[in-house]
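Several structures are given next for inspection.
In the two complexes that follow, chain A is the common piece, with chain B as its partner first and chain C second.
What follows is the complex of A and B.
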């Protein structure tokens, strides 16, 4: 017990150290740009969690939807040992297909919405599958293949909304709006759409899948040791393709949610510039791929981003400084979280030399 | 130089790896430290060498108390260690490796290799060590790499040499040469600490024997004051298991056969190989590591596609099948590397025990895992194979090496397949576990399973095999029946094909 308490107090101390370090950097930055320190701090917290009727908290949650959704998609791949870093491409393809189906498919709103979401999931899944096929049958490493497939996805989407399916009248590079009746409704009294529920379901699925299913068990074994999985005769190829398809389908779902919940059309770059997919990857790595912690990690990243924006508004801290602050927070928290994880794994180590 | 350890205690979290051990190492003496895996002998030596910091206790050199903050301090004081896994840069030359970290450099920072060469010649002279100093280390054999490690110590004029399981990678002939060198060091007044679990070697070369068990020092006395039986009893903490009786049994049908099998190996093509394994026999494949055995195993198991030839299992062609299919037809595989291939260390004992089962219905309900059934299965395995682990839900990496291996062996043998392929099944495992694993493999044989044993431990091959095939440079250099096999004959097959060797002489 004594050692446990020692470890806990050590942990608390190092967290205190991390917070102190963050504050110190914050102080220096604020002094440097001559911004009011207290206002900036308040701006950060109200920007992330406050606002009139919690409007900013809703913004944070809306962002959480996309980041956590992408994080879940990435987690499924990473836990299976598949370094699928093509989430962006899968997200874009999903968003594009959702918007196009939404615009082009006639029928009752609920039918159109359902069909669009399913089509987006299929599209995202196929895009991820392509990277898997390239790895298994052509020999392109997944890390490379999945990354490189981001570019065709991005430019294909740009082309589609710049030429054949462009809303020319709007003067912007974007598709037409999907019918208003298909838009995801807001939670009553807020500006937060119900897209977060879809991601909630995806998160629940991912957690149940990871902890309780045979498929999740097998793919985790593959993630822990590919040599082991092969040697005990797990169907590694099948696992790879199925896991990638699942991962891509969730990315596609997130794309559809962004279309029907937030933008209501596909705008060029809307899923690429905010770096949702990449933030999702960092969010997963931060918590070492532990399934239940992934949505929380997504929320953390969203809050840091909206908080930095809040700081910019409230204390007129330049945007660049806000970004630096954001990076500093992530850096120190990441070092603490991974430090805690390493500490717990070294504690388990015994003398089996 | 005399080294004294007194009251050394090393703890890793709740585990006491070394418990109040006091030991004296005398100059001009070969001091063997024996013990099962996890007995603490490597940890004790790591403490002596500055790799781990003891919680209490002192190390003194020639009566003066010393403290190391890193191995560099220990090296500076005249200690040297050859680790079980060599610490060499493969892409550098022998000489570069030897001088690394103590280069004879002039004031401008240029290294004088001529000076190094002269210095080394001086030291190595008279020990009968010859090695081309300009060869790349990567091109050397395992035995030669070990010589490089020893030269490193000699170059630094280490007075106390610690060698961790030095013979585990050597042929009998190479071992003899190593021992000759060690004797010559002893004659010069150097102290040698030999960490080992091979009793025969201790009897052959040691002057002083220390036995550790469970982190404690059980005994430490001159070899002349003890006996082989007594040391063995001290190591395992009880009576020795009786020697095994080999039951004569009629041979069954051919279970596994390979015809003209050719496999892409590391640097050379392995094969063509033709052999078969029948039900009720253990066929041993002997050979120094790196002569194509690993490639053969990969091709048989399905980790690698062969270049040519056929493999049949129970009269079905399998050389193009994947591992899953082969296992389903009737193959189990105990891989050499339990850390990566045998187990998924991050998973629990139960998750490891249930991997690769064919009877999915027994541990799953639809798409969901039946954790209870999985734990029951793991518990049964733990009981039957006497695996020491906190429970089915304990992580595999909390287990000791021997118990990890028992889990692998247990999982594979419990599948009860006609063919078992065992690759170095007792590598780095303690005597108790070795005996148990041998017993299980023999039981499989007696029950009419075909067992293919691939091992670089000659003793293991001799103890278990009905027939022995010796591999050298990718080919089968010879076949010997288990009954009439003798160590020297196999030893010479291990180093050259008999015919080739004769041709060379002529």
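What follows is the complex of A and C.
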């Protein structure tokens, strides 16, 4: 509880102070479970970057793929001033649709894979559009609508793989495996699937779109000053819907990558429990929505999570320490950095209620 | 189907579901009226639920459990205040961080303190017992709703007029409203809006802590990971819908609580659990849709 007093002690902490406070929280948590610190730290680094033939580093990189993908998805929305926090629902719908199309659609592998990914993107995009339609034509604020839509998506996916499309013989709540020929291949000599390339393409698209196209410029303008955008006659509604659709499509793509690259099926809760969408949100806020830095912060949070799993193996520290540390980091860093940027969207959301 | 829904034991169960939403929403209302955009109620409730079990387990008293939950909620309120009010962090970001923090911390502590994964149940956790009110009990139908509920239900219902009065008449309540509506006036009066907002966060933490206690040591006597299960978000929606006015909030909490309770009941009808789990959120969305259509018609 020493750290809490530190937090509340008054003077604004410098960056060094923030780091010290974050480390202090970490130490208190470690002492609480009586973990051997050195071994735990070794476990952390090996869990995040080591392993036999760097197997854990590959796990960190696949996780980076998903987190950074979700970060890019929300970044498109946030930069347009749209506080879309329904990434989880869009991701889940994408993952579910990808797995179902992959399992059910006959045909050559490349065709099935392409169709699944496209279907996932369409599904994610439509789910995001639904939130946009609710805001624009019904008057349910995006913040609330996009969030509430997470739950039907989650439970619908859970139902689909628990009842109609369940792989009953596996004994788990999960779909059947997608055909092996459609699995994303590994990079030669590694255990890292090429899903990271898909997300890389999405990131490149987001950056090019945001900075070089007129449409992207209008969309950002809408984010910086919605009143100005409206006053100069930009089609605000259309921009909103198009941006949301793109955002949701990228989330759906990430879901498809998780299915074809990592799990090869839809397992109940596989996209929800690791908090990918929420981690993506904080990853993008940590770097103040600067696109090129998003993969780095995605990698950072992925390493925190896989490192925590390593600490659990090495020193039996509960791996949930990762979520605590993520939250503390975001409190000290991003709550400060992102204050001004998202303020406008906050105001708009509340005014609409 | 209708027999199941209009069964007295269904009505009897509604207050148990209304209580956590109502308490949390009243807490959220204090923040809303003070101009603090706190959408992290989910994390507050979850933390309260955990610490209620902790307190009750170690002392054998649900009252001390509730007190522990209140203190934990207040601590979280102070964390919110530090990062939002003092450091100027974006309230949505702080709220999301609080939710992640609560999910991580409760699971971590569950393993660190009780050495279990997923759920903790133990005969040493003493829950609140139902309170039977002598005369009320004998009213047909209503008696079973109004009597025989855990004490937190009565506290929650009493809190509605209390907070209404507090906001309408009490000095701090007036200041809370001023902080939300016109902070400059407060400054002119020599009062710091931030201190007032800090008090609203403390009140919010305490009420959400109680909401958590209702979930873990009144409805049941155990803690399950993520047991707040979206109720905090529903409370947030209720606050936004009513703009933090206690009486309308009461009404909305009853509607949402009844749907929550109904979703439990219809599981007995063979509807897949996933659909009943979905009901509160879909119902919340439908209420929002209905209300905004109604508002639109009003303005035309």
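We adopt the following convention: the second predicted complex is superposed on the first by the 283 of 353 C-alpha atoms of A that agree within 3 Å, B and C clash if a C-alpha of one lies under 4 Å from a C-alpha of the other, contacts with A are read in each partner's own complex, and residues count from 1 in each chain.
By definition in this document, a residue touches a chain if its C-beta (ideal position, glycine included) is under 8 Å from a C-beta of that chain, and two chains touch if they have at least 3 such contacts.
Everything numeric here is computed off the predicted structure, so don't read it as measured data.
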Exercise for the section: Check whether A:231 is in contact with chain B, with chain C, with both or with neither, and answer first, second, both or neither. Expected result: first
Practice task
Determine, under the contact definition given at the top, whether A:221 touches first (chain B), second (chain C), both, or neither.
Solution key: first
Practice task
Would you sort A:141 into first (chain B), second (chain C), both or neither based on which partner it touches?
Solution key: second
Exercise for the section: Could you tell me if A:22 is touching chain B, chain C, both of them or neither one (first, second, both, neither)? Expected result: neither
Exercise for the section: Kindly classify A:156 by the partners it touches after superposition: chain B alone (first), chain C alone (second), both, or neither? Expected result: second
Fill in the blank from the handout: In this superposition, the partner of chain A with more touched residues, chain B or chain C, is C
Handout entry: Partner chain(s) touched by A:323 [first = chain B, second = chain C, both, neither]
Key = second
Handout entry: Common interface residues of chain A - those touching chain B in one complex and chain C in the other
Key = 350, 353
Exercise for the section: Within their complex, state which residues of chain B touch chain A. Expected result: 12-15, 17, 37-38, 40, 42-43, 46, 301, 303, 322-324, 326-328, 333, 335, 337, 340-347, 351, 355-356, 360, 363-364, 367-369, 371, 395, 397-401, 404
Fill in the blank from the handout: chain A residues touching chain B in their complex are 3, 212-215, 217-218, 220-221, 224-225, 227-235, 347-353
Fill in the blank from the handout: Touching chain A in the complex, chain C uses residues 37, 39, 75, 78-79, 82-84, 86-94, 96-101, 103-105, 107-108, 111-112, 230, 233, 236-237, 240-241, 243, 272, 274-275, 277-278, 281-282, 284-285, 288-289, 292-293, 295-296
Completion exercise
Counting only contacts in the complex, chain A reaches chain C at residues 4, 7-8, 12, 29, 32-33, 83, 85, 134, 138-141, 143-145, 147-149, 151-152, 155-156, 158-159, 162-163, 275, 278, 281-282, 285, 318, 320-324, 326-328, 330-332, 334-336, 338-339, 341-343, 346, 350, 353
